[in-house]
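There are structures below to look over.
Shared between the two complexes below is chain A, which has chain B as its partner in the first and chain C in the second.
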Partner chain A sequence: MSSYLELSARERLQQLFDPGSFEEFLPPSERVVSPHLAQLNAPVAFDDGVAVGRARLNGEFVYTAAQEGGFMGGAVGEVHGAKLVGLLQRAVLDNAPAVVLLLETGGVRLHEANAGLIAVSEVMRALLDARAAGIPVIVLIGGSNGAFGGMGIVARCANVVVMSEEGRLAMSGPEVIETANGVEEFDARDRALVWRTTGGKHRYLLGDCQMMSADSVAAFRQAALDAIAACAGGPVELTLEALEREQQLLAERLARFGAMADPADIWNSIGMADAQRVSMLDADAFVAAAAAHRLGAP
Partner chain B sequence: METLNYRYENGTRTLAKNPQIVGVVGSGNLEVLIESAPLDGACTIEIKTAAVGFGAIWEAVMHDFHERWLLADARISINDMGATPAVVSLRLDQAVQTMLEDAR
Partner chain C sequence: MQWPTLANALFPRGHTITERDDFLSGEAQVGDDVASATIAIIGTTGHAPIGVEIALAQATAILNTVRDHPGRAILILVDTQGQRLRHRDEMLGINSYMAHLGKCVELARRRGHKILALVYDQALSGGFITSGLMADACYALPDATIRVMGLPAMARITKVPEELLTELAKSNPVFAPGPENYLRMGGVRAIWDQAGGALATQLIEALNEPTAGDDRSALGLARGGRLLAQPVIAAVVAGGHVLAA
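Here is the complex of A and B:
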C-alpha cells in the first residue's frame, strides 16, 4: 500500500483514481510555464507545479487538481493559479459531480508577488462559484508541505477537508511565526509541537478538518468517495448561516483555548482521555477516541 | 540559468505518440519531457539548467544516453535544478521506459 505522503502529485493522480483514467487539461507538452521565473533566472516546470484534469472515481468522472510539493513547495504562481481557476470553471460548465483537490502548497509563490496573490484570491472565488453551482469541493491534505498561506484559506472554503495525521493545515507556517513573533511564541524546530499545532489530528479535533485518513493512497481514495457521498443530495453552497456558525465556533474556540500554550492542553480540556497518547493513535483508533469530543461535528 | 542543445542523428527506435513527463523540478532533481516529433530521424535534447558551466558533463551524459537507446524522431526537453549525472541518466531511462510501456 503506497504512502500518500511520499508520492509525487502525478503518482497520486495515477494511484488515487481509477487506473489510467486521468485526462489532463493543459498537459506539460503544452509548455505553459511561468513567465515570471524566467525573468528571475529561476528554473520553470512544464506544468508550473500543478496537474489539472478529470479522472474517474469508481467509474464516475470527477474534476481534480494535484499540486506538486517538490516544485517550489507547491507554491501558487500566476499560471498555477490560473490552471486551478480554469479547472473549477470547467467543472461548473460541465456540471461535474464533484471537484477533488489534492493540495500540497506553501501558499503564494512569493517570486510572483501580486500575480500570485491575485491568483489565490481568484481560486477562492472560483471554488465558491463551483459550490454555488451545486458542485461539492473536496480537499485532500497529506503531503509533506501541508497546505499553508492563501491555499490554507482555499482549503477551508471547501465542503470537506480530509487530512492525514502527517498533513498540516494553517495560515502562517511555523518558521514565519517564529521569525515574526519570536521563538517564545513558536519554536519552529520543535517538530512534535509543529505537528501537534498544525497536523491533521489537531485540525480534526478543532473542527477545521472534517475527515481523517491514514497515510495511504487507498485510505485517501476511500475518504474522497465518502466525502462526495456525504455531500450528495444536500446543499453544498456556502450560506450566510454557515458562515455565522463558523464565526461563532471560532469565537468560542478563542474564548475557551486562547490562553493555552500547547494543543495538548486543549485536548485535555475537551475531554480527550489520555491526551498525551493522542499522537500515538493510528487514524481509526483516533477517530473513535475523538468522536465524542471533537468540535464542529455536524 | 544555462540552455544547452544537442542533436543526434542515426537513431532507429521511434516512440509512442503520447508525450510523457517524469521527475520533478526540485533541488538535485529534474523533469524530463519526452515526445515523438518529426525531426528527420533525429533525437533533439534541450536542457535548461540552474547549474551553469557543466556543458562538457551534460554532453557526455547525453552522448551515452543516445548510445543506449538510439532514439529517432524524439524530442526531449529537460528542466534541471542541479541533478547529478547519475540522476540525469536514471530519469532519462525512466522517461524512455515509460514511453515504451505506453506503446505496448
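Here is the complex of A and C:
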C-alpha cells in the first residue's frame, strides 16, 4: 500500500481517485509558468507546482487540486494561486458535488511575495464562495511539507480537514520562529516537539482537524469519501450559529490552555495522559482512544 | 499616522473608538445632516503582532456587529507587523484563529455588511490576509508600508542576491514593498489623499461605491501589476488556453 507521504502530487491524484479518471485543467503541455522566477535565475515548472482538474471518486466527478511539495515547497505564486482560484470558480459554475484539495505547501512563495500574498487571499475568498454555493470543500494534509503560512489559514476555511499523523498544519514554521525569537522559544531541531505542536494528532485533539487518516493513499481516499458524506447532513456554507460555536471553542481553548507550555500538557489536561503512548498509537487506535477526549467534535 | 489623529480626520462628527492591548473597536457617525449612518470600526495599532488573542478579539467584535447591528458597514483599520512568531500561538492553532477571523468577515459580507479596510501604517503577511485582504475594498494611506517581508530577509531565504532584488524591485511590483505596488497588483483599490478633509470624503465615497465579488485579479491585469493571474483563472474556468497578456 502506497505511503501518501512519499508520493508526488500527480501520483496522489492517480492513486487516490478512480484509476485513470483525473482530467487536468491547464495541463503542463500548456506551459504556463511563473512570470517572475526566471529573472531570479530560479527554475520554473510547467504546472507551477500544482495540478488542478476533476477526477472520479467512486464514479462521481469531484474537483480537485494537488500541490507538489517538490517544487518550491508547494508555495503559492501568482500562477499557482490563480489555478486554485480558477478551479474553485469552475467548481461553482459546474455545480461540482465537492472539492478535494490535496495541500502540501509552505504558504506564500517568497520569490513572488506580494503576488503570492494577494493570491492566497483570493484562494481564501474563492474557497468560501464555493462553500456559499453549497459545495463542500475537503482538505487533505499528509505531505512532508505540511500546510503552513497563509495556506494553513485557507485549510481552516474548508468544511473538513483530514490529516495523517505525519501531516502538519500551522502558520509559521518552527525555523521561522526560532530565527525570530531564539532556540529557547522554539527549537526547530527538536523533532518530537515539532510533531507535538503541529502534527495531525494534536490538531485532531484540539478540534482543528476533523478526521484522522493513516498514511496510505487508500486511507486518505476513504477519508475523503467519508468527509464528503459527512457534509451531506448539514449546511455547507458559513452560518452565524457555526461561527458562534467555533468562537466558543477558540475562546475556551485560550482560557484552558493559554498558560500551558507544551502540547503534552494540553493532552494531559483533557485526559489523554502519557504523551509517549499517544505518539506511539497508530491512526485507528488513536482515534478510538481520543473519542472521549477530543475537543470540537460535532 | 497615529490612530487618534486618523480617527479625527475620518470622523469629523466624532467616534467612540477605544484602544485595548493594541486592539481598536468602536463606532462612528459618517455623512452629513442629510444622509448619515453609523459604522463599526475594528482594527489594530502599535504595529500589533497578530496573536491568538487579538485575532479572536477582532472576530468577536465582527460577530457582535453581525448579531446586534445587521447590515452596518464595517471599517477595518490595519496596522500590524504580521502574525505573532511564538511557539504558544502555534500550539494553540493560530491559523485557526486567523481563519475564524476571515470567516467572520466573510459571513458579515454575505449578510449584507459593507467591509472596507484602510492600511494606515503597516500591513505585513499573515496579519494582512485575514484583515485588509478580506475586505470588499482595501485602501491605503500614501505612507503606509505593505509587504510580506523586507528585501534583505527575502534575499536570505530565496538565496537571490539582494542587489538583484533591489534592481528588479524598481520595475516589478511583485518584489517591492509599498502601497503603489499593491495598487498595481489590485490588492489595494486606491491610495487615499490625507490632506485637509479629504479622508472623510473618501471614506463616504468608498462606502457608497458598489462592490461585486473579488475583482482584484482583473484590477491587477488592468493596472499592469499582475499580468497572468486573471488570464490563468479565465483559462481554468473556461477550459481554454492562457491568452498572452
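In this section, the second predicted complex is superposed on the first by the 294 of 298 C-alpha atoms of A that agree within 3 Å, B and C clash if a C-alpha of one lies under 4 Å from a C-alpha of the other, contacts with A are read in each partner's own complex, and residues count from 1 in each chain.
We take it that a residue touches a chain if its C-beta (ideal position, glycine included) is under 8 Å from a C-beta of that chain, and two chains touch if they have at least 3 such contacts.
Remember, predicted model here, so these are calculated numbers, not experimental data.
Student: Report for A:N41: first if it touches chain B alone, second if chain C alone, otherwise both or neither.
Tutor: Both partners, chain B and chain C.
Student: After lining up the shared chain so the two structures overlap, which partner does A:V52 touch, if you call chain B first and chain C second: first, second, both or neither?
Tutor: The answer is second: A:V52 touches chain C but not chain B.
Student: A:S8 contacts which: chain B (first), chain C (second), both, neither?
Tutor: A:S8: touches chain B, not chain C.
Student: Contact-wise, after the overlay, does A:P28 reach chain B, chain C, both or neither (first, second, both, neither)?
Tutor: Touch status of A:P28: first partner only.
Student: Check the residue A:G134 against both partner chains and state whether it touches chain B (first), chain C (second), both, or neither.
Tutor: After superposing on A, A:G134 lies clear of both chain B and chain C.
Student: For the three-chain arrangement built by superposition, which of chain B and chain C touches the greater number of chain A residues?
Tutor: C
Student: Now for A:G70: first (chain B), second (chain C), both, or neither, which partner does it touch?
Tutor: first
Student: Please identify the positions on chain A that touch both chain B and chain C, taking each partner from its own complex.
Tutor: 41-42
Student: Which part of chain A faces chain B closely enough to touch in the complex?
Tutor: 8, 10, 27-29, 31, 38, 41-47, 68, 70-71
Student: Considering the complex alone, what residue numbers of chain A touch chain C?
Tutor: That would be residues 25-26, 30, 32, 35-36, 39-42, 52, 78-79, 81-83, 85-87, 89-90, 93, 108, 110-122, 124-126, 128-129, 132, 149-150, 152-157, 169-172, 174, 176-177, 180-181, 185-186, 197-198, 202-203, 206, 208, 237-240, 243-244, 246-247, 250-251, 253-254, 257-258, 260-263, 266 of chain A.
Student: Please give the residue numbers of chain B that touch chain A in the complex, ascending.
Tutor: 1, 19, 21, 24-26, 29, 31, 33, 35, 48-50, 77, 79-81
Student: Which bits of chain C are touching chain A when the two form their complex?
Tutor: 52-53, 56, 59-60, 63, 66-67, 83, 85-100, 102-104, 106-107, 110-111, 125-126, 128-130, 133-134, 146-149, 154, 157-158, 160, 164-165, 168, 172-177, 181-182, 185-187, 213-214, 216-217, 220, 226-230, 232-237, 239, 241-242
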